[in-house]
Amino acid sequence: MTPLATLVRAPIDVLALVEAVSSAANGAVLLFLGAVRQVNDGRDVTGIDYAAYEGMALRELQAIAEEAAVRFDSADVRIVHRLGELGVEEVSVAIAVAHAHRDAAYAASRWVIEELKRRVPIWKREHYVDGTREWVDPAGRVNAEPVR
Amino acid sequence: MTPLATLVRAPIDVLALVEAVSSAANGAVLLFLGAVRQVNDGRDVTGIDYAAYEGMALRELQAIAEEAAVRFDSADVRIVHRLGELGVEEVSVAIAVAHAHRDAAYAASRWVIEELKRRVPIWKREHYVDGTREWVDPAGRVNAEPVR
Amino acid sequence: MVYDASTRMTVTVLLFASYAEALGAASLDVELDDDSTVEDVLAQIRARPGADRLPPAPLVAVNQRYAGAGSAVREGDEVALIPPVAGG
Amino acid sequence: MVYDASTRMTVTVLLFASYAEALGAASLDVELDDDSTVEDVLAQIRARPGADRLPPAPLVAVNQRYAGAGSAVREGDEVALIPPVAGG
């Protein structure tokens, strides 16, 4: 069986993820992909590097997939997050969810990405056209200034 | 450019659909797949055949993709519906949506599948293990009895 | 030349899925006055054998767009009866 | 043998992303009493050069689980400071 969650350093095989959750019982499959945007908050981005506290990130991702199955009536969830350097348009995260019915598939997919963004110890550093790089704090955007 | 909507009689190339909506501006891609379930409303299904009023179905699917772009802030939408005989677990419909942000991507994806089910002239006939086949009426389920 | 208000026309009505099965055909030709409406088309269809298996007011499309009972039907229009849709 | 209530232990604190940059290291060893808490770890970290670039109450994980300021820290525990997460 495909693991519920994985961290990878190469392009994510999204088709394999879809196939992992497809089954004769599941009428709906939802695949969410997060990708690197060229412009973020008005700044020109040339790429992003993702870092993680790998052991804990994997543990949290697995816990999210397992919790989703409990919360959303046995939704079948697989999560892959990419680490390392990504260019614009590359996929950083892929979440595949399958369920008998689409209501639960949409709800579970959305819950998983929000939980991932809330609690999984992964960080991203944006690279800008001027050559600078900054760690992103989603609450205050970039960590350019010390948080006091 | 990939057409906004297509009707096909072979397995849907979901990866091509995802690639068609991916761009440097889109941070979120959502792929919805509808697949044939083995059990529907308690009856064992061996397959489904899909029929369409092809000209109008294509026109409605294109209209839905275009309306989604207007309603959901330039969401980029592609829809493929398969026709003909499908076995259990095969994908009957694929909807790819991309947007700068995931809120709009989820909303647009959900709107598109609901509109498709509401207004696109496509019909399905379920094949059951006992060899019988019945056209499905989503309101009253199967059309086994005359609707009066 | 005298204007003839009662010119007749033939319109082909497309049938699909359960409606095609009920009426035993994928299309039917109906004879209509040339100032007819969707309702006039339906009246003709209801007279056909097997039409008792259709609902009282089936959805109709004219030229591939959903059309109400009062919509005009003209020579050359593509008219279709639309069973309850079940795509997805 | 006399029980020694003030045994000292060394705990390694993992640092990531902006916190690793602020403190100039991917991990730091801190000396603690063996009945210490997360708050005691943070007090040690705050004394290090560069710690002024950390928020007053950074998130902490003990053994790969988020832990409150009062949580116990024991010999051999894996302690980590968690900057604001930005996955996805």
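A, B, C and D label the chains in the order they appear, each numbered from 1.
Keep in mind that, in the parts below, contacts are C-beta pairs under 8 Å (C-beta built on N, C-alpha and C of every residue); 3 or more make two chains touch, one makes a residue touch a chain.
As the structure is a computational prediction, the values presented were derived from the model and not from experiment.
Think of each touching pair as a link: the shortest run of links from chain B to chain D has 2 of them. When chain centres are defined as mean Cα coordinates, D lies farthest from chain B.
Centre-to-centre separation between chain B and chain C, using Cα means, comes to 27 Å. Each chain gets one centre point, the mean of its Cα atoms, and the points for chain C and chain D are 77 Å apart.
Centroids built from CA atoms put chain B at 25 Å from chain A. The multi-chain contact residues of chain A, meaning those touching 2 or more other chains, are 34, 113.
Not a single residue position of chain C touches two or more of the other chains. This structure has the following touching chain pairs: A-B, A-D, B-C. Every residue of chain B that touches chain A in the complex is listed here, in rising order: 14-15, 18, 22-39, 88-89, 91, 100, 102, 105-106, 109-110, 113. Those residues of chain A whose C-beta lies close enough to touch chain D in the complex are 34, 50-53, 55-57, 59, 81, 92-93, 113, 116-125, 135-140, 143, 146-148.
Of all the residues in chain C, the ones that touch chain B in their complex are 14, 16-18, 21-22, 52-56, 61, 64-66, 78, 80, 82-88.
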